[in-house]
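What follows is a short report on a single structure.
Order as written gives the chain letters A, B, C, D, E, F, G, H, I, J, K and L; numbering starts at 1 within each chain.
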């Protein structure tokens, strides 16, 4: 099927922007699955606090996933958020299996957020010329994830 | 780490029930990812109707994922909902990449629901003796998915 | 038109379950009409209290009608809730025409609830093997109607 | 029991108005049952849209039923909304049994609304002298049903 | 000060309509005060039910007071709802001082509603030619008060 | 395309009523644009109060526009609310360009409301025979606009 | 009927407290009627602001009326809030008839509040010994009325 | 463990106030259990009205229990609200076992409220010097319970 | 008074089911009192988290108490939830008096939940034959308490 | 009147930005009128879906109109959103008169959105230097309209 | 400007009360700034719990600031809550600059609350004669701050 | 303590951005205190309108303070919002002590907003290179403050 959704971007702009958004979609889905995994498996004195904060992180990750994927459709690029794609392309650090202590969970969240933010910063740079509308969305996502990065890091600082 | 959460189940009951729940968690996460994928990529005259119905399906899948995973923790079995686990163990039929017509999306949803319901029916049977509390949850999930299966099938009936 | 909605039930299970659900749909629609009839025609010192309680009963009856009818569609059996079907098949005791005293209304509600609960108890028994998902719904309906039966009976106890 | 509720209407006015309201109550209950029947049995590509619109129609029919019946009590005339009365006196066109295509459902709704509106227009005329308060209610009901008639007819126009 | 608010009514229409509205304002304020008085002083087995129903009556009376008074201003006639005006001009039957049994309260409410409805019916007739916009408001008020009249009368029917 | 929406009105009634509604639609859209224009351009000590009151007027005008236009469709007459139609057919007085003092704005609103009410009064008269259902809507619109006319006029009275 | 509601107060305490509460009930009802009268009849550049503020005053007066009257019943003293009682016993300053300028309305509100607060201060003093529970209510009423007194006075300061 | 929470009260003030609050906590928990017991076991024509009013009483008792207990912690005195403490120290009159007629329930509630109010009045007196902050809370509790005492007594007055 | 509420259960079924429900009512009331006691007396670094989680536990215990007690009335067995009954019959482990560290509170909650769940599992078994409707309620209660048991145990795992 | 609202922009920046905003205001008002026109006149099998989606588009257009117009006032440039201005200056494609099929409506919406987005992209470019605050608003508007453009185009893709 | 707001207090009472309120306003503003400062700068394992609790404290401090300042205006004394006044007059203990551990934050909050409560207790004493209405407000503020003092102290007890 | 929160910014970027945010935090806190001071001390005919608008300004200032301070923490720079810091570093114009006329208040607000906006415009420029995420936040704050600046200036224009 030829590309069915048209946009005002040139094909170069579309390619650059589409790649930035596809990477963002995959990273955020993985972040939501990692945070849910931790939400269920966390143990320790701070269980309740961490368990609740993880669900806030899941909500953030899910909402931005949708915004990034629908931005991709808006510029005419089909997004791919299937399990195997996420498993294969994510730039997140992941999480091990089984019950995990609250300290370990906090460190895992901080590491994963740092890795994803790093990629987002690069995507903000490359989309500045290609599509300022997409850049603005990436800035919003980065702003929120950096806020959460501080909140999680503050627990081990 | 030895199993940190205790329950009243025998280890046989725990193994049977834990396996049923782990399979359910994986199937439901995959269902939520498939439905989101379709939500973004659907095209056609019924776009709006299908697009909205898919988000209702996503919500259902996500809510039951959480209930199944937290039932697993309640019986002392660590659930695993990571992307690679989902990609490797899901019993769902999946969805192809790229833009997809509304007719195809409807058929894909019907097939995936049918496959997952089939597995749930089997798990209802095996948990009857092992843990009636878990069985009750699986019955609730099946009731809702069978209702959705009718609604999606009615569109192509 | 051949049956357009498929399910995992055998045709025997489908027949048994479908019959139980059709009877439930008819009984509950009739209950909602009887309760509305009483809601309008009740007279007496306890008018306000009975008038309000009847609307709660109407809401319960309507909500469970929908759940029972949609469970029927989910197993591939077309439900029938038309006025003539209700008039012909209901197992409820009914209500006479015209203004009715509050005492009479209370007795009428108690009798109708008792008759419907009796039929539901039988349907819980026959669906245990045929379809535990449907049985679970019938148990929920019975639980609520038995609670209301107590509340109405308590007024004349 | 002699008429227990008094009003400022003469007995002629009461008879004319009471008849108009009783007819309206019966028609609207039947409309609500027909719409629910269609809500459960509709099939086809527009299933979801029609299924949802039918529930809006049910809500409208139920709310106006209550207003018409309570207007009847307010003028001292006992309303009758029992299943057998509805089955025997309704001026609606009805609906056949079993699964029904979305196209057929739309036509059935349009026909039923047209028949009921026709009767309401006549009742507006006869109540103008008898009771302007009741006429005002009938005008409100007609306004809403004519709006819905347009919306349903627009689907086949 | 000369009349500061202009309208499309002739001065005859304005006089007729203004008088109808002023009478309605006074009657409704008095009704709200009578109902509050009864709300505080009622005694007896049905205390709670009557106490609550009286507050619903107060709310109705207050809301319609405001609508009638602001309709008066809209046609350029200053409304008068001061205590002494209400005490001097009300067509309501009033209520005696001190604790009052629930049976007496119900009869008092029925009598007062009947007297006010009677006056409203006359005002509907006289405003038909003078101002159909005001007539429509008076019809709305009458419809609601007649509904409440039935509900209160039903308690002693 | 021949008229696709049917109604119970004769073609004369339809023409009379359709014309009344089309004029109302145009006047109300223009009123909403005038009020928004004033909302942005008002200056002066009463800026905040006038700015807020204008948005209430916008909301009223928009809601009644929709009711009038959908009443037109319900009787089978296509409404026209396009910018050029509004610019060409409106009976409102309009508003000048640029920043405007609060006193001027109040006078502009009073004049525009007066002009539109005048036309509505005439339409109430002509639709009484043609279609009482439409007349009832025009009465509702007039009632609300006359209330607002008082409120705005009171500021300069 | 002998006093049907008992309390822990001596008959002296009951008399003192009952008198304080009866005076408060009457003053507050009168305040609510005066404020409504002004709400309808106010004219001038600050119409909207004063019109809205008067409704807040009405709400305050009505809520405290109920609290004072129900405190009276709680100590076994029947409250009297009928129109003629209010007209005869109120310590408020009242308001003249007809359209009133916003400046005059503000001064009228300030005067009436001042008169009522003065009486409340005296009642706080006399109930300190008689019934600290009632005193606490009178302090609450005074606190809120003094806040409103400031807000109204600030408009003419 | 030495007293871990400090306050500005002297140890005498703390002892007096702590004792008043502990008695209040116990009485209110008992009141909530008595009211729930009656809520379940009441029979008779006024079942619904009494059943609902008892749940309002339960809510009041529970909310004030929490306020009294947390006031105790705020002054450094550990509150005790365990079942055996309530069973041993309550000054309420209690309720017999088994189904109870609505008339008996009303009398039981009136008696229990009277007994608890009596104790609260004494505690208001003793805390005046010891801690005006606690006294203010006890006044609030008494005000509400005396209001409820009137409402329940009014049913048998 | 002979048993005033009838049901479809045999007297054996009624006895078995009634006993299971009475035990559940007592255990849950005690759980709510123990959790409140801990809510007030907890000390330590995790005070806030534990304090809030205890109130969630109180809400759960109270809601299920009501459901179990009203299920008992529905089968015609009078429930008993008075303080002395709770103090005498509870199968919970209880809690000591005075300020308690957060670690101790967590262990106390885990122990009490484990004891109550153990009894509920036995009651699920004995009600399977006697009354599947009651069994379904006991399964719901167990599901929720086992979830909470995991959440509290996770804090010390 | 000289420009009464000051800003930090130079007069060149103000002119460039004001022009961009004025064009946006006009385009968005026209879009809202076109979408409403289609909302009323659409016919066809997808009537309901298109009818609802058009109202979402109206809401978006109205909200952004207000933001753009108030951004204009914030930089000291009076916006002009009167009917004749819109009719004369809009860059939208418009819509024909009369009943319109759902397919045609979808194409009309897609075309109008494309034209407006094209203009917005140009305005984003010219305001980058002139006023980044305005540019940020234009980016937000474009982001949302491009999302809607995809959703409408997807229906014909 | 001479004092523009009048009250019933003598000038001595006004001076005493005004001073008490001014001190309270300053202390509460400082408390809100200290709590916000801690909200941003807290670090450590209990970050999330402390971070959230601090915002509750901010809300309490802000709400009471407004009540105290508006009580001051109500008695005719202009309150002063400017930054330099707060910096110069506050009786709070303050907080150091920079990142702060959660343990230190808890101790800082406890100390600041203790200092402010101490001052409030003295103000309750001095206003008893001067103005019982103000005293009642100071009691409310103290009650809430002492509750929060317990909650914070419990974390280090 | 070394900087405990890491970010992707270089230390130069961090210094530039941190300084911009610290200035913004201080200015916004001061704005909130100035607006509250005016909220309490304003006098004059427009008291109510200005009093309400000031609270909206307070809410805006407080919300943006939090966003700016938490953006500072997110980039690893500790924000300082203590009273003495605000008193010493604010770039706002401030407000005099005592009662202030509404005209003066409006001018004071306009001046303070202008001064703060001026500083924000400069910070937008310096953060463009240093941190586009922070720049985006500063643009949002400026957009809202410039809107408010127009609204306040319009009152004296």
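One rule holds for everything that comes next: contacts are C-beta pairs under 8 Å (C-beta built on N, C-alpha and C of every residue); 3 or more make two chains touch, one makes a residue touch a chain.
Predicted model, so just to flag it, every value in this text is computed and none were measured.
Chemist: Give me the fewest steps it takes to get from chain B to chain J if each step has to go to a chain it touches.
Modeler: Minimal hop count between chain B and chain J: 1.
Chemist: Quick check on the interfaces: K-L is repeated by which of C-D, B-J or B-D, going by over half of contact pairs matching?
Modeler: The pair repeating the interface of K-L is C-D.
Chemist: Just curious, how far off is chain K from chain F if you go by their C-alpha centres, in Å?
Modeler: Spacing between the chain centres: roughly 53 Å.
Chemist: Report the inter-centroid distance (CA atoms only) between chain F and chain G in whole Å.
Modeler: Taking the mean C-alpha position of each chain, the two centres sit 42 Å apart.
Chemist: Where the centres are mean C-alpha positions, what is the separation of chain G from chain I, in Å?
Modeler: Using C-alpha averages as centres, the distance is 49 Å.
Chemist: Got the chain A residues that touch at least 2 other chains?
Modeler: Within chain A, the residues that touch at least two other chains are 4-5, 43, 46, 49, 70, 73, 99, 136, 154, 157.
Chemist: Which chains are in touch, pair by pair?
Modeler: After working through each pair, the chains in contact turn out to be A-B, A-I, A-J, A-K, A-L, B-C, B-D, B-I, B-J, C-D, C-E, C-H, C-I, D-E, D-F, D-J, E-F, E-G, E-H, F-G, F-J, F-L, G-H, G-K, G-L, H-I, H-K, I-K, J-L, K-L.
Chemist: Inside the complex, what are the residues of chain K that reach chain H?
Modeler: Touching chain H: residues 114, 117-118, 121, 124, 136, 139-140, 142-143, 146-147, 149-150, 153-154, 157 of chain K.
Chemist: Taking the touch rule as given, give the residues of chain A at its contact with chain I in the complex, in rising order.
Modeler: So the residues of chain A touching chain I come out as 42-49, 51, 99.
Chemist: Considering only the defined contacts, which chain D positions touch chain E in the complex?
Modeler: On the chain D side, the touching residues are 4-8, 70-71, 73-76, 132-133, 136-137.
Chemist: Along chain I, where are the residues that touch chain H in the complex?
Modeler: My answer: residues 1, 3-5, 29-30, 33-34, 36-37, 40-41, 43, 65-66, 69-70, 72-73, 78-84, 86-87, 90, 94-95, 97-99.
Chemist: Please output the residues of chain E touching chain C within their complex, sorted ascending.
Modeler: 46, 49-50, 52-53, 151, 154-157
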